[in-house]
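Next, two complexes with chain A in common: one pairs it with chain B, the other with chain C.
Let's turn to the complex of A and B:
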């Protein structure tokens, strides 16, 4: 079996910083200790896979992608991309990879969208005639043809992200790193990108995508396998179905209640495996998700809420989602 | 990854890759920058105002010297030739001609210096600090992830900068000639071109070396560029023949020697000799002969390019280890 990406106990620690801050009349040195962004991460991504990394902000997803893209050196461990070590042999890796990040602002505002993409293709040695014909084709697919001659500074966020995606595909990489590619995009633009990525991987042999996202539905819909990462550690790695099956024996309940502040009681209730909450300040509501061993504790949960004088607006038993898997493992949601 | 899909790594492929990279990276500077016609005002006409002050000072002193020669008194019936009265009408004419030639040479020196200022500013702010800007807008990580050689990236920036700035410099030169009526006498056009290109390559080689510093230190390296702007204007003799400093006892030669480490200094000195004649200013204000200066410039070009290559490789590794290569807002 050939792996597109393989990491062995990959660790990345960012050195601490000393920050000097002025508080009132005194100056204080504040030391920020070393941050372990990746902690002994071992992964194997097969050639032809659409692999997802799911985790909240700061989980270590981007750090992993930067190491794999030869932009950052690991502190310890090993990372192989297309069989080559990112530290010792980056040149052959760079020939076969590309990367697109969400919210990217790359390129030059004075150049047109077409010129920008062409420029980046030159850094991979793609002949101009080949690159121009690929650009035209991709611009049609991504619905950017009408904007091909518009200066980049005149493009909207969505159009710009489509341009970035075309930049990623124009070099015909074997391995594509997508770091939150649909971040901040509208539904249609995000759908176009998702569909193209899925077709690109599945429609031809030997193409691999490593996608990082914190959109559960996106990971669920697109990925062959998903690794759940938090605080630099891989918590689980399997197909979306298997991950959800892991907690199928458990029961998930979602409640919408009046804004609730005291949450400590819930964690002490018998049968509550984990729970998360999200507040909607505008509506003065709290949304609670409980992962329960069985339906037993539901009555007690409801009585705990009503005893605080709060009203329960809805109660729903639901099929487990990837977010529930995450809550079950970590004890909190993504936000 | 299967062997069938292994990518090429032979020399021919690498040369093609890096030439395309140079072409790609120079494109935004050559094409993009000229899409805003306002540059003609800001970068060709405004520098004229900068050099105009020096031109008017030199023309004023030239006028004073000419007035002293042409003013007849009882003690000096043919005017003053320096500190002594002119011996006869022929001596007076010769002295007046020398003043005219020296004034033209000084004004021409300023105009040439003004064009070289454009290159120096481009090297400092668009070459050295460019990687900082690239990091801020998110391009740097895309550059560093690409298989091209890093020198191709810097080479593209340099080629684009040279072409773009040459257009601006030529505009300033033409405007200077038309407005200030400067006369140039080019005896060896090929040597002139050789000196010009050797100066540019050495100058941009220096800029490429500085560029690597920005990879690691980001905005902190900004002070270096700021520090090198105005003092270099003086120590490189942008607005006067640098050899003049050698005549000032004490600090003069020290400044002239220090300034000579900037390729623009010797390049400008050689260009002035080639466009004004080596006998201008009585042949007293030149640092070395043109051929010696050309040799030093070629040596500097090679040295700076090699240093840039190693500095960039070292600092890139260091920046990747410290995680500063792609972290913005440093």
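Let's turn to the complex of A and C:
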């Protein structure tokens, strides 16, 4: 079977830099060692799938997309897109892919939004009349119609991001790489994009999307399958339901307590599989998530907290989320 | 071939929009006239200083020699810097390079297309400079009708060489950061000294003459002067060769530089893709 995307033990190591600087009287070593961005990643994404890569910043998601989009060569292993090797045969790949990165403001400021998008469509050989009608339709959908003739330098960051989304869809690619597409967008714009992407994949035959995100809910809502990645390694790959089912035998508790500094005790408690915490400095509160083997350790957790003179504001047993899956595997949240 | 043409056309359109679309059309035309004329005035001032120091009666041949050379040097500076800048500006300023690079085009042809608008702007500037020199500064220009085809062929070859050198710089700029634009300013400086732009090769030491003869632009400047300012008699050390032989030198060296540009570009692109530098932003 031919896959839209297939990687075999794909590894990417970025070389380090050796730097020695003299500062005042001392010599400072500012060397940065080699960084393994992808570590033996093997994946198979089927045609027609909306596949998610979920992981924290620096997990290797963008590196993977860059390799698949033929921007970057792997250090070892193999990556095939539409059956073609990204290293040996990039041109046929480029004919069927496109890519959009969120949170960036690319574009030629002296051109209008419409001209920018049209120009890219020409590089893909889309006839002008087809391109123009697609641009009209997409501009209406993404709420950019009023700004169609505005120079790009006059657009806000969010508007530029919408323009780039349209650039990604205007060429009607078979495989679309979306790298954090909703990063920095307002709630409505993010929702519009999510819905459009889902309809685009599911409404047509043969369209595949590889989406990277660090928004759990986004991955959960949109993706047919999700790979959880951390420090360049794929930790798990399955449907959102199956991933959550993996830890359904475990119990998830969420607590809101007074800001707590000493967390070392929790990891030594019997029955605590993993836990993570987030602080809300403004409210002087800590939010703790515990993955437990069963409900047994709850009493001990509460007593540990109260023994530090901290008050428990809420305690909630909840259904596992993808974040819980991540915490269960890695032992920390996405922060 | 159709993809190449489409890429070239779209890139040329983009380049033209970026070169001309920053202001009102009338202001752009005015700027395009004033800029080369102002450049010519700098040259005239330099000449006046030299004359005041050396030969008070002046030397019409020398003035015409340097004026024509300097006018055509506009091509060198504009095309080289413009070509080099394509990668740097797409990468650092507009951040579009990754999307253009992954599109199904030849990026080499894309750079050529972007440079085309620079050539169009430079053609206008060179024409204005020459016209101004002939009308107001006594520069002796005369292009015989019979020499027009040869002039056009040599100009096309000269521009092709410039594009090839520009692409070489482009290949290097894949691997370098924004602050290395000094390279695109330094290389034309070398050509200014060694290619007989302002003064003939005969004033250079023998090693300097050897360097000049290895660069195709020397032949381009020489044949151009022979064709558009035939009455200027300055010893260039190339007078022993007839125009067709000079053209042959230009053709051979153009082919050599074209092949070199493809090689350097491909090597630069490969290492940039390997190192992850195609779309790097340095924020320098």
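Just so we're on the same page, the second predicted complex is superposed on the first by the 327 of 335 C-alpha atoms of A that agree within 3 Å, B and C clash if a C-alpha of one lies under 4 Å from a C-alpha of the other, contacts with A are read in each partner's own complex, and residues count from 1 in each chain.
The working rule: a residue touches a chain if its C-beta (ideal position, glycine included) is under 8 Å from a C-beta of that chain, and two chains touch if they have at least 3 such contacts.
Predicted model, so just to flag it, every value in this text is computed and none were measured.
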With both structures lined up on chain A, is it a clash or a fit for chain B and chain C? clash
Could you say whether A:125 touches chain B, chain C, both of them, or neither, answering first, second, both or neither? both
Based on the superposed arrangement, let me know which partner A:33 touches: chain B (first), chain C (second), both, or neither? neither
One more residue to check, A:83. First (chain B), second (chain C), both or neither? first
Between chain B (first) and chain C (second), which, if any, makes contact with A:72: first, second, both or neither? both
Based on the superposed arrangement, let me know which partner A:203 touches: chain B (first), chain C (second), both, or neither? neither
Would you sort A:104 into first (chain B), second (chain C), both or neither based on which partner it touches? both
Could you figure out whether chain B or chain C reaches more residues of chain A? B
One more residue to check, A:14. First (chain B), second (chain C), both or neither? both
State which residues of chain A lie in both footprints, the one left by chain B and the one left by chain C. 14-15, 66, 69-73, 91, 94-95, 97-99, 101, 104-108, 110-111, 115, 119-120, 122-125, 167
Can you check the complex and tell me which residues of chain A touch chain C? 14-15, 66, 69-73, 91, 94-95, 97-99, 101, 104-111, 115, 119-120, 122-125, 167
Residue numbers of chain A touching chain B in their complex, please. 2, 4, 12, 14-15, 47, 66, 69-73, 82-83, 91-92, 94-99, 101, 104-108, 110-111, 115, 118-127, 167, 174, 206
If you look only at chain C, which of its residues touch chain A in the complex? 3, 6-7, 9-10, 13-14, 17-18, 21-22, 94-96, 98-105, 273-276, 278-279
Of all residues in chain B, those that touch chain A in their complex: 1-2, 5-7, 9, 13, 16-17, 20-21, 23-25, 27-28, 31-33, 35-36, 137-139, 141-148, 153, 317, 320-323, 325-326
